[in-house]
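Multiple structures are listed underneath, in structure tokens.
Below, subunit A partners subunit B and then partners subunit C, in two separate complexes.
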Partner chain A sequence: MSQYFAGIDLGSTMTKVVIMNQAVLASVIGPTGPEHRKLANRVMEEALVKANLPFADITYVVATGYGRINVPFADKQITEISCHARGVGYLLPEVRTVIDIGGQDSKGIKLKDGRAVDFVMNDKCAAGTGRFLEVTAEGLGVKLDDMGKLSLTAKNAVRISNTCTVFATQEVVAKLAEGVPLPDIIGGLHEAIAARVYSMVRRLKIEREVALTGGGAKNIGLVKALETKLGYPVLVPPEPLLTGAIGAALLGKDIVKEAAEKGETLPRSERRLQEATFFT
Partner chain B sequence: MPEEATGEGLAAVDRYHQDYGSRARELKRQGKKILGYLCAFVPVEIITAAGFMPFRIKGDVNEPITKADTEMETIVCPLVRSCFDMALKGNYEFLDGIVIPHACDSICRTYDIWKYSLHLPYSHFINMPHGTGKPSLDFYQAVLNTFRTSLSRFAGREISDQELTQAIGLHNQNRAKVRELYELRKASPPLISGTEVARVLIAAMSIPVEESIKMLGDVIEEVKQRGGVLAQKSARIMVVGAQVDSVAFIELIEDSGAWVVADDLCPGAREFFSDVTVTADPIEGIAERYLRKVKCGRTYREMKGNYEEYLEDRFGHMSRMIEGFNVDGVVLYIYKYCDPFGFEVPQIKSYIESKGTPVLYLEDEYSMSTIGRLRTRIQAFLELLGSK
Partner chain C sequence: MTEEKKPEERKKRRTATEAASRIGPMVKATIGGTVQAREEGKPIAYSFICCCYDEIIRAMDIVPVWTENYAGVCGAKRDAQRFLERAEAENFSRSLCTYALCGLGFDAWREELGEMPPESPWGGQARPDMMLGSGQMLCDPRNKWYQASQRYMPDVPVYDVGLPWPPYEDDYDYREVQDYYVKYIVEELKGLVQFLEKHTGRKMDWDRLSELVDLADRTWNLIWETYELRKAVPTPMGTGDAMNTMVPMVFMMGTQEAYDFYKELNDELKHKIANKEGEIPDEKYRLIWGGGLPAWFALTDFNYFNNKGAVFPVETTYRMVEAIYHFDIDLSKITDPLEHVAWRWVKFWTYWYDKAKKRPGSHPDVERLIQYIEDYKIDGIVMHEAFSCRSWHVGLIWQLNQLKKVYRDIPSLILESDIVDISSYNEADTRARIDAFIDTLEAVKSRGR
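Up next, the complex of A and B:
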């Protein structure tokens, strides 16, 4: 009988689910709302429909991400650090350093033999995360999705001196009023975020190859800005939002395999796929 | 009928920990004079010898800092601000005086603020040097003699050498008890959790030394008698940091699936693992211990020999503890704006890692609301240790 593994990554902004056996069978990406628990069920159901599997056929479920404790049907919670490392190690085995830029945090992970060995993380401050671009895009009246492309057309990217998201927004509005061209401002914003992330990750002693994951990796401007900082190209997985969920599913598979080898029975989550209430 | 927790060990700890300062308040009513102090660098022996009760002022991670903000800017160490905030809010109304050492700059430069804000009958500043050479030691001895004179003036009587020697004996005994308690952490799983130990040490700094010796003895007996009640966990952790006067952080690590079995903290091993040697002039032994034996980032140990020897001199005790307590990983926990420890972070990290033990460095803001954010990092670190 084939075994299936699900990984669910409940991030601050996006929720990601994958179902795997030997390869990824189905994946779903949806926005995370305030109601984590309801959403975890919904995206999971959607993924099951895509994979054409009943929930009972899933051997093991691992939840990760900022909302991992809010997945009532998960058999285990594992931090996004371990999951990103496992996912990137699987997708891009040559990678030694992962830079993940999420909606509300950013992190650097050092890999050895496909596993995390060290990490740094910023989740205290919006600067250096997706939120920084989200907020400043709003201030500039530009769609978030257009920011990356626009930044590439900058001729003289301005220097954004404020690392605080709120004040940086004021600063860019002031620059706009001074008549600085929009692409130069957006270019400066991308440089600012890249500088911030780079200086944090540098503490790990960056080694090639470097992979960029998370929502930030979908922004071409940010990819280029980071490449400029690093001085060489970075690798981006085909769907950079899914590495955490893939890693979660793979770690579930590892756990099941290890237990089988040792002849142990695994404690499974008692809960079924159902909408959790605050009283469960 | 279930046995009531009336023992004088862990039950007393819970009582004093929950209502910090309750014993001092009681004794105050009986006429005892209570002297509050900041930091482990106040020689409590001299206070005890003068017949006063030394009481360590602590902050509260659960209490947002509000009143202190008008007197101290937010670039001051959040722990110092929290201590002061607690005092301003009347939590230490029983104090007859305060003693503040030049431990770090945050503690030093807020002495005058404490002095004029609290208007206590007694206040004294201990101008402790930062070097460890002979001139520093001589200077420090003179400073401690000034403290002795100032305290005897407040006491209205001389503090005899005999009283000092006796107080040294008591505080050494207290430290020996703490070390005995630490021995119980060497078992796997430990006989006592890190959270419990932290609670014991916090309670101990709020009661007279004689009572602390007794309480520690009772705790040790109770823990030995209850036997191994703790479950096996995946990792044995040592916490290194400045003053951690709340159990919240230790609890967070233990909730994440590890035991905290060792530390270089205050209150903790840093404060209790070295004794005062009894010398002809008791002040000499006291000076030697506080300046040279207590290894803290606030003291600058001049580099002698090569860099490796310097690291060994400054941090060697940490690696001995890692070995002795069978530590799997070290969590280096520093408050924002703590410059003495901030300077040492890269050194501590590389020194311990070079000995083969992984280190997780965390910076925090001395507040419950930020402690929670550290959970993911701690869990990830434990996962890393597990998959090694």
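Up next, the complex of A and C:
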């Protein structure tokens, strides 16, 4: 009988679910949001429908991400550092350093044999995270999805001197008022975020190959700005939002395999999709 | 009405040793004792820890009020914000040392009221008769804090003791200049004695001072020997407890009570080791608290580490002694008590210099970490960057990078918050980082299996 493994990555901005056996059978990415966060079970349900599987057939469920602690239907919670490491190790085995730029934090992870051996994290300041671009995009009246492409058309990217997101927003609006072309401002913003992330990750002694994951990896402007900082290209998984969820599913598989080898029975949560209790 | 708010008291940290559990009541009694001393008209001095003048004030029966300690108590009781806000309202920058801000806010409030602020933690900080600065090379509030306090207490005199030590350079021997430093410190201490005699009307009892200096030497040795016991596997005591047991070391040096405390701790640890009784039942990871003052409001994080199987057999923070008999000078031959204290000071701060010089690219602080990692069989390093304390924390990341460069790669975790300001702290994020760190420790360990 086939075994199926689910990984659910409840991030601050997006909720990601992956169902795997030998490969990814189904994946769903949905916004977390204040209301959606309580409805992580629905994202899971959607993934089960896509995979054409009843929940009872899932052998093991691992939750990761910001809201992992309160996913009641998960069998185990594992940190996003470990899950990202496992996911990237599986997708891009040649990678030694992972840079993950999420909606609310950014992190650097050092890999050896596909497992995290060191990490750094910024969860204190919105600068250096997806939130920085989100907030400044709003200030500029530009759609977040257009920011990356627009940054590539910058001819003379301006220097954004404020590292604080709130003040940077004021600064870019002032630059706009001064008549600085929009692409140059957006280019400057991307350089600022790349510089901040780079200076944090440098603590790890960055080794090639470097992978970029998280929502930040979907922004071509940020990818290019980081490549400029690093001085070489980075690798981006096919769907950079899913690495944590894939890693979670794979770690679930590892756990089940190890338990089977030891002849142990693993405790499992009830296979009933309940609301995540993040806010309660 | 922020000033009226009284926050809920934090749940107490679980201690592993009986000795550590006695510290809270001891500190409370000491702080209460200073208020009582004020009422009885005994001379009271605001003082800094690691000040070099412990035995001097004890010999003259001056009651110290350890202002950093009181700020830490306010932080630990999660009741510092109202004092920080008060200092900010007095135009002190929020980015200054929060020990100083808390103290200044408290003093401003107490002086305005003419009595302790409402519901002051543990009865409040007594008004001093004098304030004794203790400027180290690396901590500017120790020079400036009490001068700023004079805004509220202009009648209270300040004496600022300069306490330098030779800086580390890998291409010269500090011994070439050590005599000058000792001479300078002795002069500073002489000036302090004169100041104290003038303001208390008491004469220094030099014989008693010598006795207390000798007692402090013996206490240093005893502490060193006691802390070395923590090398045992499993370790009988962790850093969480050490953040308590440091109290007699830094607030009661030169007293028999301090010596007796460490004798009892020594006995307790030996008993635990004989019974293979560790801080936790199943010790999986041995960590070093590699720098940074603790977040006093979050000491339960040490229990969180413990719950994950992690212990801290050693720390660099508040390990403010070395074995006197390891110094390259026989202190027992220095009979002048002020000179004796000055030499002890210089030898303590230069203790790791020679070792550092032997390893290219190293540094005394790095060398100390390496030695502890080896001696205590350490798996990972945890440091705490307290945003408001630049002087002690500014070099931590550099130290970590150098350590990895000149020694070996070792899992490390940097926690970020503050010593007193709880608004800098997020428990969920901190614990998420700890979880991730434990994962990396496990990954590294399993690779080595």
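Criterion: the second predicted complex is superposed on the first by the 268 of 280 C-alpha atoms of A that agree within 3 Å, B and C clash if a C-alpha of one lies under 4 Å from a C-alpha of the other, contacts with A are read in each partner's own complex, and residues count from 1 in each chain.
The working rule: a residue touches a chain if its C-beta (ideal position, glycine included) is under 8 Å from a C-beta of that chain, and two chains touch if they have at least 3 such contacts.
This one's a predicted model, so the numbers in the text were calculated from it and none came from an experiment.
Partners subunit B and subunit C, once the complexes are superposed on subunit A, run into each other and clash. In the overlay built on the shared chain, the residue A:Met121 is in contact with subunit B and with subunit C. In the superposition on chain A, no contact is made by A:Glu46 with either subunit B or subunit C. Of the two partner chains placed by superposition, subunit B and subunit C are both touched by A:Ile78.
In the superposition on chain A, A:Lys205 contacts subunit C only, with no contact to subunit B. Legend: residue contacts after superposition of the two complexes on their common chain; A:Lys112 is shown touching subunit C, with no touch to subunit B.
Residues 66, 78-82, 115-119, 121, 123-124 of subunit A lie in contact with subunit B in one complex and with subunit C in the other. Contact residues on subunit A toward subunit B in their complex (touch as defined above): 66, 78-82, 115-119, 121, 123-124. For subunit C in complex with subunit A, the touching residues are 397, 400-401, 404, 409, 411-412, 414, 416, 426, 429, 432-433, 435-437, 439-440, 443-444, 446-447.
Note for the complex: subunit B touches subunit A at residues 358, 370, 373, 376-377, 379-380, 383-384, 387. Partner subunit C is touched in their complex by these residues of subunit A: 66, 78-82, 85, 112-113, 115-121, 123-124, 203, 205.
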